[in-house]
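In the two complexes that follow, chain A is the common piece, with chain B as its partner first and chain C second.
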Partner chain A sequence: MKRTTPLSRFGLHATLAVLVVWSVLPFLWTFQTSIKFTRDVAAKEPVLWGYETTANAYRAFWLDADDVNMWSVLLYIAVVAAICVALGQTGRRVRHGWPWFAAVALVIFAALWRFPKIWEANDEYDFLINSIVVTVLTMIISLSIGLLAGYGLARYTGISGAVILIIALGFRALPRTAFVLPYFFGAKEIDDWLTRTGVGSWDFPLIDFPGIDTLQILDTRLAIVLALVAVNQPFTIWMFRSFFMEVPKEIEEAAMMDGATRLQAFRKVIIPMMWPAIIATGLFTMLLAYNEYLFVRVLAPTEWTLPVAIVSLTGGESSRTITEAAAASVSITLPIVVVIILFQKHLVKGLGAGAVKG
Partner chain B sequence: MNRRTFWGFTVPSVAVMLLLMVFPLLTTVWLGFQKLLLRDLNNPEWIGFDNYRDLLSDPEFWAAFRFTMVFVAIVVPVTMVMGLCTALLLDRVGRGRSIYLAALLLPFIVTPVVGSLVYKDLFERGGLLAWLWEVITDNPFAVNSGNVKWLIIIQAIWNVMPFAMITFFAGLQTLPEERVEAAAIDGANFWRNLWHVTLPHLRVLILFVGLITIMDMYRVYDQVFVWTGNRFTDAHTLQVYNVRIATAFDIGRLGKGNAMAVLTVIGIFVVLVPFLWRSYKDQIAERV
Partner chain C sequence: MSTITLDKLTKVYPNGFQAITDLSLTLSEGEFLVLVGPSGCGKSTALRMIAGLEDISSGDLYVGDRRLNDVPPKDRDIAMVFQSYALYPQMTVAENIGFPLKLRKVAKKDRLQQVEQAAQVLELTEQLESKPSMLSGGQRQRVAMGRAIVRKPALFLMDEPLSNLDAKLRVQMRADIAAIQSDLGVTTFYVTHDQVEAMTMGERVAVIKDGVLQQVAPPEELYDHPDNVFVAAFIGSPSMNLYEASLSATDSGGYHLRLGDHQLAVSPSVMNTRPGLAQYVDQPLVVGIRPEDLEDAAVAPEHPSDQRISAKIEVREALGAETLMHFSIAAPTVDSGDPDALDELGEEDTGRCTARFSAATRARVGDNIEINVDTDHLHFFDPTTHKAIRS
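Then we have the complex of A and B:
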């Protein structure tokens, strides 16, 4: 039994409140900078309340035109969000929810695709799309190969399994520069070879992507995705392995007794039990890809994702104002906040699982 | 599971790690022995250990090394203690816990460069804390080479504390209630309870968080780069220094940068090898 007196409860909440302020103060400050007029930001004494609010900074950062009513943009986002929530909630209630979740993805895709057709968007919008493409591709590739390897490593008892795990653990600790510099060099060499031999400008009838006429590696989203998948592998296989270790062997053995092959047992019996693990690992992979800065800066000089865009556009020499920088910071943070609030439980469980076995 | 099935399952992942981790790492070692300029990548020239000699006689390398050591030595212990205290507090909260959790997690999940940017805003001209400083001390506040180190350290603590907190918090959830009750019946007060029951329970986690935090702070790049850019060279960590010498416009020396990466890797392995060895023994023991 925990004894709590009103006084100690007050002290507890007061201390936590102080910690919360220390955590979120910079965000609150940035948020209110982003909705101020420049004259209030430049004031000698900070204007803390009673100021006039505006969405000018958001418009200037994301849109080309400067006469768009930002309420209409907000309404657009709100409607899309409402549809997604409705679909997602339905998906959670019904037994086989995946078509509903697929519909959520489809709605988001359609909304992102329509947006620049309704309002003229800036280059920054392309960087947002880059961010999303890189994050989604990294998650798909990284999770699928990691899931297979994690299962193999959890069930195999030979020495080579232990060796792979330990080497992966070592890789987990290495600094980014040990990889990004050789990636850059290697990609450059391959690109040189592609132009020298002319292979890069061959016409491949089957992989004729729109908008791509020469094959190259540097400065493509593919380069970023490959790099991220690689550095994420050690973490992914350790995480999945620790989740698979909790699933008793007998479950798939029973399925195999009934005549299923191992792959069938894995797909039909084990995977459906692993959704919490997949979501938890997926969240960390998402954060890694969405937040990456160094790889993108070195490997993709123009195909930026949002973090690089923000740092480059708000640096000293750029003409962007403080309010625009703040608006950019808020815009890039909001999606993560939403995802984390939705999946908080999985995140905590995932950290716990990874840590206890770690 | 037999050997064949095992390799069937692991081959994609192992191939990715061989091709994009083992092979690049060997390339790093090889490039470290080359004279190779960023603007002229086609003419590598073997120069033996010259890059390393160059690095070890560079005062900026030693400045970066010193600052990184100080940085790790301050950030890691403070983070762990603060994380543990916050986790203990959170554990006692009944209602409203998930709201606290979400708010406290924010600095950890936010994009690191954005975290630094918003933190920096508080100290820029017209920022809230810069203004408070001016009100209290009567001196205007400006980020300079003297205080930027402290700002970087404080911001790093702000950034990674939630990781320690959430991990310890997850660990506290698995603490069996009976152990605490038994201790309470024996008349243990809060501190004795903490020392004899809670901390031993968290022992493995403390080691884990400590190790991860040391690794992550040793190789910190994003957050520090936002504060310093290419200025304030005193406050550069090893990684910032490394990226600067390798990719800085016009003077980028890729060979030297790779040599530096090799030195950093060796540095972390000094800490890591005993731990890796122990994990290997554990893995082997699990298999017999």
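Then we have the complex of A and C:
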């Protein structure tokens, strides 16, 4: 039994209250800014209460555009559908909160039904699609590599395994900025070579994407994804390794005695046990990719993702763009908040199991 | 199903440690063989070599005529029950039991039927839809058994399957496993460190120490005619009392066993049934006395008075049907080499002795009593090789 006096309890709660205010205040401020009129935002004294609210900033960010980009619409629909399927699948695997996932899927479908009417080709939507593509691809690639490498390193205890882990940890410890320029120059070298040899302008019949004439690395989503996967890999490997270490070796051996090959044992017995780990690691990877600024800014001068797009809004003098930037911030944060609330349990479990944080 | 042959199986680890040396055993069809030994003696390694989870350094493993050395575990037609059960936590009991069948692509209808059957044998019908985490230890144990029996393998391997259960359940499961095994008639190789388990379950028991096979025999023979000091001390509870002693001829043509301060008359029948003993007259030897071959002289006064020792009772354990008495006799004890043996009293030189008296004994702690020794049932061993002296 813990001994608590009323005083210590008061102290604890007071400290927590301060911490909550401290962390929530910036977001509240942003939210408030996003629903104010420009005049209130620009006022000399901050207007904290009793101001007139408006959705103008949201409308300006999301609906201010000229023509419809059908390709983006289709891609968006495909991505949303994929997300719904993925949510449903994880819901089934995790075996709790079915209604939750069903509700989310319903909300997304409702939005989708309404979407074609409000969709107007607007840079913001390209950025949104860039964000989704980059996030999803980064998650898929780094989770696949991390799962296999983590499993290998958990089961193989030789000296070279330890060396790989230490090197991974070292790379994790290096600052981001140390990676950006090498990636930039590397991508530039490849692009130069593609132009010089003419390979970049070859006609590839199967990958003839609309709007892409020449093959290049720099300023593409591919560049961002590759860089993010590389930066994130040490984390996923360490995280998965620590989860795999908790899976007793006998379970695999039992599967092999039952008639499974090593790969079958991994696929049919070990992976299903790893869903909590996959979800937790996936969430951290998602946060990293979705929120990334530096790599996108340097490697993709025009193919922005949402965080870069928002920062571009704050650069101007006009306070109208300030409210728009605030509205954009709130818009791109909300999906993440929803996902985090849904998977909170796994996230905490992941933090406890993995020695390193995302 | 067919005979299983282990021919000089040897396991040497990369660091040079030799876990198993020249293990040769043959299991006839449907036999229940128990491999028993103290912890760290290599018995689990032997099992894992048969399973295919460890490489065989040298020697051959056959099921029937088929050499299995280089066959991967999944193709060996061998099922294994693990000490930790190793159930698949995300699957229900039915899915766990049905997993081997699923891997063999058995049609769903047949699979469900076979799972149902196995569950009936193991009394798990009610739990089929539960997850392993919801089951008790005994039920988990039975699920692990179910996973093994459902595919009707050529050989069952069991690696200390009862060691995680509490004592009462262990006794019950012991009987259950033996019953299921004899019903199914599948050849079984069972590994345990518990000699009671070995004696009660095995048709034959193989005793192993430091990776070397000591003796293979049916339980009664192992108990009555141990091949060496280690087997003698390891099998039986409480264990056999072992002392350094010497044998000398008397003027009247008989023999005397000198056991510290005590002298026991050895009847001619003892010498006649063990002709080899004659060579040890006036030589040091090791003598072993089972606790039940000692009896309170007050209970059985008709016993020859020259086959008695006297001692002072130190500890008395009344078990109801019998009473265990602990006392010391002034003879040096012999180390059997069992690393698990507890040195309860910690006094090396005062020959510790345990006796199993009938409940009729009136002796109490502190009493000085006379104790009958059944010299016909004494066990004799060579003091250097520790091998039994028989013929």
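Basically, the second predicted complex is superposed on the first by the 283 of 358 C-alpha atoms of A that agree within 3 Å, B and C clash if a C-alpha of one lies under 4 Å from a C-alpha of the other, contacts with A are read in each partner's own complex, and residues count from 1 in each chain.
What we mean here is this: a contact is a pair of C-beta atoms (placed from the backbone, for glycine too) under 8 Å apart; a residue touches a chain by one contact, two chains touch by 3 or more.
Keep in mind that this is a model prediction, so the values were computed, not measured.
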{"item": "Superposed partners chain B and chain C on chain A - clash or fit", "value": "fit"}
{"item": "Which superposed partner A:P248 touches (first chain B, second chain C, both, neither)", "value": "second"}
{"item": "Computed vertex angle (chain A) for partners chain B and chain C, CA, steps of 10°", "value": "80"}
{"item": "Which partner, chain B or chain C, touches more chain A residues", "value": "B"}
{"item": "Touched partner set for A:D258, first chain B, second chain C, both or neither", "value": "second"}
{"item": "Which superposed partner A:A325 touches (first chain B, second chain C, both, neither)", "value": "first"}
{"item": "Which superposed partner A:V199 touches (first chain B, second chain C, both, neither)", "value": "neither"}
{"item": "Which superposed partner A:P272 touches (first chain B, second chain C, both, neither)", "value": "second"}
{"item": "Contacts of A:L342 with chain B and chain C, given as first, second, both or neither", "value": "neither"}
{"item": "Partner chain in contact with A:L334 - chain B first, chain C second, else both or neither", "value": "neither"}
{"item": "Nearest Cα pair across chain B and chain C, whole Å", "value": "10"}
{"item": "Residues of chain A that lie at the interface with chain B and also at the interface with chain C", "value": "none"}
{"item": "Of all residues in chain B, those that touch chain A in their complex", "value": "1, 3, 5-10, 12-14, 16-17, 19-21, 24-25, 27-28, 31, 36, 41-42, 86, 89-90, 92-93, 96, 98, 100-107, 109-115, 117-119, 121-122, 124, 126-128, 131, 158, 162-163, 166-167, 169-171, 173-174, 181, 184, 204-205, 208-209, 212, 215, 218-219, 221-222, 225-226, 229, 238-239, 242-243, 246-247, 254, 257-258, 260-262, 264-265, 268-269, 272, 276, 279-280, 283-284, 287"}
{"item": "Footprint of chain B on chain A - complex, ascending", "value": "1-2, 4, 12-13, 15-16, 19-20, 22-27, 29-30, 33, 41-46, 145-146, 148-149, 151-153, 155-162, 164-179, 181-186, 188-189, 192, 226-227, 229-231, 233-234, 237, 262, 287, 290-291, 293-294, 298, 306-307, 310-311, 314-316, 322, 325-326, 329, 332-333, 336-337, 340-341, 344, 347-349, 351-352, 355-356, 358"}
{"item": "Contact set on chain A toward chain C in their complex", "value": "248, 250-251, 253-261, 264, 268-269, 272-273"}
{"item": "Chain C to chain A touching residues, read off their complex", "value": "51-53, 72-74, 78-80, 82-84, 86-91, 99-100, 103-104, 147, 151, 157"}
